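In what follows, structures are represented as structure tokens.
In what follows, chain A forms one complex with chain B and a second complex with chain C.
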Partner chain A sequence: MMAVAQPTMPGESRWERVARFWRRAPNSFRIGAVVLLIHLFVAATGPFWAPYGLSQMGTGIPLAGMSWAHPFGVDQLGRDIFSRVVHGAHIVILLSLSGTFLGLVIGAVVGLISGYVGGWIDEILQRLIEALISIPFLVLALIAIAAAGPQLAGQPILIILVVALVYAPRIARMARAAAVDIATRDFVTVARLRGEGAWSVMRRELLPNASGVLLVEFALRAGYAPVLIGSLGFLGFGMRPPTPEWGLMISENRALLIVSPVTVLGPGLTLASLVVGLNLFTDGLARILGRTVRLADA
Partner chain B sequence: MTTPSPLLEVVDLDVAYRHGDGWARVLHKVSFRIGAGEAFGLVGESGCGKSTAAYQLLGYRRPNSLIEGGKVLFKGCDLLALERHELDRLRGNRISLVPQNPTTALSPGMRVGHQITEVLRTHRAAPNDAAAEARMIELFRLVGLPDPERVGRRYPHQLSGGQQQRVTIAMALACDPDLLVLDEPTTGLDVTTQEQIIALLIELRARIGLSMLYVTHDLGVLAQIADRVGVMYAGHMVEMAPTEMLFRQPRHPYTRGLIASVPQLEAVGRPTERSLKGLLRRDELPTGCPFQPRCAVAEPSCAGNRQRLEPVAPRHDVACQRWRAIGVPDLAMVKGEAPAVVEAAAIPLLSLDGVTLGYGGARGPLARLLAPVALPVVQDLSFRIDRGETFALVGESGSGKSTVARAVSGLIEPLAGAIRFEGEALPRSVGARSSELRRRIQYIFQNPDASLNPRMRVGAILARPLEIFQNLDGAAIRERIARALDEVRLEAGYAARFPDQLSGGERQRVAIARALVADPDLLLCDEILSALDVSVQASILDLLARLRQEHAVAMLFISHDLAVVRALADRVGVLYRGQLMEIGPAAEIFTPPFHPYTHALLMAAPGIQTERRPPATQRLASAPVAGNKGCVFAGRCPWQVGRLCEEVAPPWQLAGRDLRIRCHIPLDELSARAVWRPDREGPRLAEPVEPSFLPSKSRAAPR
Partner chain C sequence: MSILRLVIGRVLLSLLTLLLVSIIIFAIIEVLPGDVASRILGRDATPETLAALRERLHLNDPAIQRYLSWFGGMLQGDFGNALTSARPITEILAPRIFNTVLLSAVAFGIYLPLALIPALIQATHRERPVDHGLSVVTLILLSMPDFLLATVLMILFVIMIPVLPAISLVVETSTVSQYARALVLPATTLAIVMAVYAVRMLRDNLIEVLESEYIRMAELKGLPRRKVLLRHALPNALVPTLNVTALNLGYLIGGVVIVEKVFGFPGFGSLLVDSLQLRDVPLIEATVLIAAAVYIAANLLADLGAILLNPRLRAG
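Right, the complex of A and B next:
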């Protein structure tokens, strides 16, 4: 986010600049950033301070409900749900980010090629992308998991690939739109007149100018990735038990919803707070990138 | 005109914009008044605060602006003190705005007629829908839109720029306002359209007695339309006078510089007074006179003394402590010598022979299947450019000028004909050309905002051609970049800046430097001045003239601005609808005989004349498609010779040493009809030119 051009004031230290940026950032950005930082902190350090192990049984009376010792209650097997949520944080976040990032790389490359090179390549890629987008994303994910076969089932790499597969075509569309727009600018024509190849034009001229769009697109998609991963877990196609993946935990405790609702509420609310935080952050980021801070004649 | 009672009065207006954490003052105690029925012009370079002042008349407040003091009295009522809903009742109704850019001002998804009736409905100016509809049609007729019923059903993108501007004017007039605020309404239009819009505004004033505030950077336009002019510099009003007095006897050194910066058709050389030096630097403003750093006649105390407007003559105020000392200038122009005629070399650097150009439909193979035939934009074009020669191609927008440059650069492939470079056929597409050829032909685009990659520093922008064409490495590149920046009069430190940290003129200098580092033989300059302010234009013109001397580079200079062309070009070709109408040495192009189209262009170009000219190019307004057999200008030509022009292609006639004119009308008659004269006494329309659709009695039918 420091790519945002900040007018440098004379005699200002790096920290003062960051502070000024923070003061002027929209509220959604600040709230989102705080929520995200808490999540990242838990993900990074959680396993070291979680009160119980991730599969430690007999921590309390099963389905005991909320208490100071067990803020999110205890599940059927006597495991502390709060500890499991904390242990699962880095799994959810890592899978989301790496899956979305892979999707971003594939989508950006495909989209830029499609938008800049054009012609038959563009037509073919676009029809392919439309076909992929027309399939509901959950169905697409399930087809991909089924096609991958049983060896890969439940592996983190499969989840990452599935997230990338679902998001790449959507990101590619945005990247293509940006590329088509930027390719009409004169500086691209200037590069072509110099005889620069397509790859060089894409890397030097298109990508830096599309980076704002791509950054927002990445953040937006990353905000929904935990939901996608959670849905897969809930349906039993994601990570395998006893992995403390939040969607899987909701699925495991679903049957106990009436007996002990808090067992579902804990992971559910945590997942929701991550998604809301990511979305607020994205919203603020988009506003910062879209805002032109220019002092000019009105 | 006697002093009218003020309809609007701006008193000591102070406005600041947020700048970082503080506020930067953009208007300093600006005061002016506009009488009922009066047209007041505000002029200055971009960034001087003229638009900011104008928008205060509409009560326009931006979240990052702060009104620090002053009043805007409209019929005695202070607009700045009004509540939002009270303002809403006034603006669009009693005070309305004609914006600079009609394309963005009109809603793209709404029929233009509906946009007008919406204004009427908002202000309850029409009792019912039928009345609103009738009023819309009446308004469209008033602003000279043909076939109002049908135009009203169009979307903005289906109208030309001139028509769109007419729609925004109609919208501004919808509720019979007392005051019209015009913010550079003709800046984005080409000369003939600009002339028509100005003629329309003059006519509207005569018919409905409107007051106007006209904001522009173009003094030539104000000379035609304004009663009084206020000159602004860095947020200060520096001079205010009736238009004629301002042009005859400008007092403030800045006003004089501005007037001297306007490219003149009337004089070949540069005027005696130097055009403006340097640029407005907001960070270096002295506490006293803001113009002091750029002023040639400043004395040290100017920097400290606050300058106040004081009367120098009745109704003529100037804010300069030295006005007595510097006196009244003599605005006589010096006739300079014409640009040296370059001896024709045996083999021209570039020659076009019967070239036909067109665009082959849309992107993508599917679209190409649907629209396989390219529409010719340029037909059968031939000309040559010699080594070191500057050849200018002039014409209105849409005449195919830029298409020619694109074909020479290899961006589009000619449909027919041959383009030769040093006698050898130029490979048709840029991909088929050698790196050496690509280096020798460099293209400079119109708009430096678009031609510089906003995410690259100036140094990186300049380094790229050096890496590709000159095969230089790190230290050599840095040294060469510093030299290139110096050549275009920028400091070496600019290499570390991003394009958006530069002004428009500086950006165009960078674009020129980027073309020059390739060490080209031919520069394609595609309207490179039209996006810039007049004073910046003058400095870029000087720069080009100097670079041409130093590098002996040939130029294909494309422009719609005849004054600029006259200042720079060795030879000129006049293009209309993709066909050359007239071609020859610059000195001869600007003397009679003229091709009728050249003549119309010359008449349309705004110079500085204080005489109000009748709308000379009204005849150019409608452009029926001529039969493709005859002259392309037939139907729009004021001197047309009956049906002959429509049916028979006109012959090339040799006039003078090297001037050729493509017209049926004999040369001596073309000379006789010309009313435009290249001397300063000026383009008065002596007698109206008779329409010659009738078979003429007075002259023998040509051929």
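Right, the complex of A and C next:
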């Protein structure tokens, strides 16, 4: 099952090594990686080849339904939904990844400190983490957005901060558990006896050994971030029109669902395919690293 | 009595968490950045209206004093008055909570068979096409945002096969059948989302249990397959699933926000969104605190359940 850290075969090029890793990787990893690569490709190059502009109106008959020229139909304002989905790809992916990454950094730092330093700092941090997790995540995200006020509303930075706020305590809890576990190992004791300070032990001993846990945790959370961002957009608390964020598009086109369902299904299924890809990739990654994934969100 | 101490400790911890949550909510909404009154009024603010609103919300008092009177009132069941309608919050909340509890109960009723049956089929047909097929289906459903799932169900049962209402609006005078029709789609959406998590976990647990020696023993004894599965395997596989059910309850509290909004169901979740849109600060604080309290209580019950179901702890 273990496919990482294979010894290099003599006379093997880097490409051959990658190919060998790929052959041995679990199916879920391979399918997930392919789906993700397609999404990343669209996100990176989409704005250059999308058939119509981001909010170009009059591209076709409004609500005309599916056709070769408009695979996802045309919305009420005559905008081509497919082009908007393509233009929106990098927004969804960038917001998800940067929000999750910020959450990972904060969560990892807090969790490692809490788990390694222990004592009353640990107690306080744990209670605080517990309290933040006890507010249902969507509710926490909504009140944070409401509290940020009108100046920040609809700004990408607010979405990133909110995703980080939701994920940081959850990631911190995992990081703390990993730190507590690693801190009992001999090499940590040795490092401490060598006279290394707490900060240095955390950075040089704990962090590298917790990286597997953190990587899986990052992938798992990043897989859910598009849904969270989409939910916020859907409820009208995320990005503002005319941003082509997929959740927001679903809510915009829902009013005329009965006339043209494809305008909702297009962005919806694109969002779902991104999440399927991320979930499969995470599942495969966890198998490669020899860990089990908790699919449910705690 | 170590178990009693364990239980009391867990309960006290939950109360402490609830206290912290109330402080966090208060801090996020009232203390952090800037002035509540100008945030509520937005662009319509004039110095006079600002002063009047500040007076009404007691914003001129120090934050600690405001927090104490808010939390103290809440402990006595007094949530104060809503800002927009000036009605007592308890009066606004009561019918909404009733509706959401009803919705959740129906959702749980659909959730149980929806979780159990596919998991049993998968575990008994392990690594066969049915198992793989169901795994793919659950993975796709797992990746589907709840608002999308709700919309797909709506396309299916409102537009393509028009049997159900698009808007699940109920009022206090609605008949039972109106309620039932209104509840089907939102409850099914919630049930599917919850079941998907449980199916995947229950399948793995069942497979693990089915490989254990006492199941082999029961099979060798000549017990019918159905009896082995339902009497011996299922109860043991259910215990770890208890955790998922608690998680699902947690999901449910956030899930109702989306699902009620999609279907226009007048419950607690749509009240929360409405109060946020209207910037009705007292109503927001009350609904968020209740949502968190329910979540904490659900987790507490799951933990207590796990303590009580664990024979090693029970004996001690």
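In the analysis below, the second predicted complex is superposed on the first by the 286 of 298 C-alpha atoms of A that agree within 3 Å, B and C clash if a C-alpha of one lies under 4 Å from a C-alpha of the other, contacts with A are read in each partner's own complex, and residues count from 1 in each chain.
In this text, contacts are C-beta pairs under 8 Å (C-beta built on N, C-alpha and C of every residue); 3 or more make two chains touch, one makes a residue touch a chain.
In this text, all values refer to a predicted model and were calculated from it rather than measured experimentally.
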| item | value |
| --- | --- |
| Which of chain B and chain C A:209 touches, first, second, both or neither | first |
| When both partners are placed on the shared chain, which of chain B and chain C touches more of chain A | C |
| Touching partner for A:192 - first (chain B), second (chain C), both, neither | first |
| First, second, both or neither for A:265, with chain B first and chain C second | second |
| First, second, both or neither for A:138, with chain B first and chain C second | second |
| Which of chain B and chain C A:20 touches, first, second, both or neither | first |
| Touching both chain C and chain B, counted on chain A across the two superposed complexes | 295-298 |
| Chain C-facing residues of chain A, complex | 127-128, 130-132, 134-139, 142-144, 146-150, 223, 227, 230-231, 234-237, 247, 250-251, 254, 257-258, 261, 264-265, 268-269, 271-273, 275-276, 278-280, 295-298 |
| Chain A partner contacts - residues on chain C that touch it in the complex | 13, 16-18, 20-21, 24-25, 28-29, 32-34, 39, 42-43, 139-140, 142-148, 151-152, 154-155, 158-159, 166, 197, 200-201, 244, 247-248, 250-251, 253-254, 257-258, 261, 272-273, 276-277, 279, 284, 288, 291-292, 295-296, 299 |
| Chain B-touching residues of chain A, taken from the complex the two chains share | 5, 7, 9, 20, 118-120, 122-123, 185-187, 189-196, 204-205, 208-209, 211, 294-298 |
| Contacting residues of chain B [partner chain A, same complex] | 17-21, 24, 26, 46-52, 55, 60, 62, 65, 363-366, 409-411, 430-431, 433, 435, 438, 442-443, 445-447, 450-456, 464-465, 468-469, 498, 500, 514 |
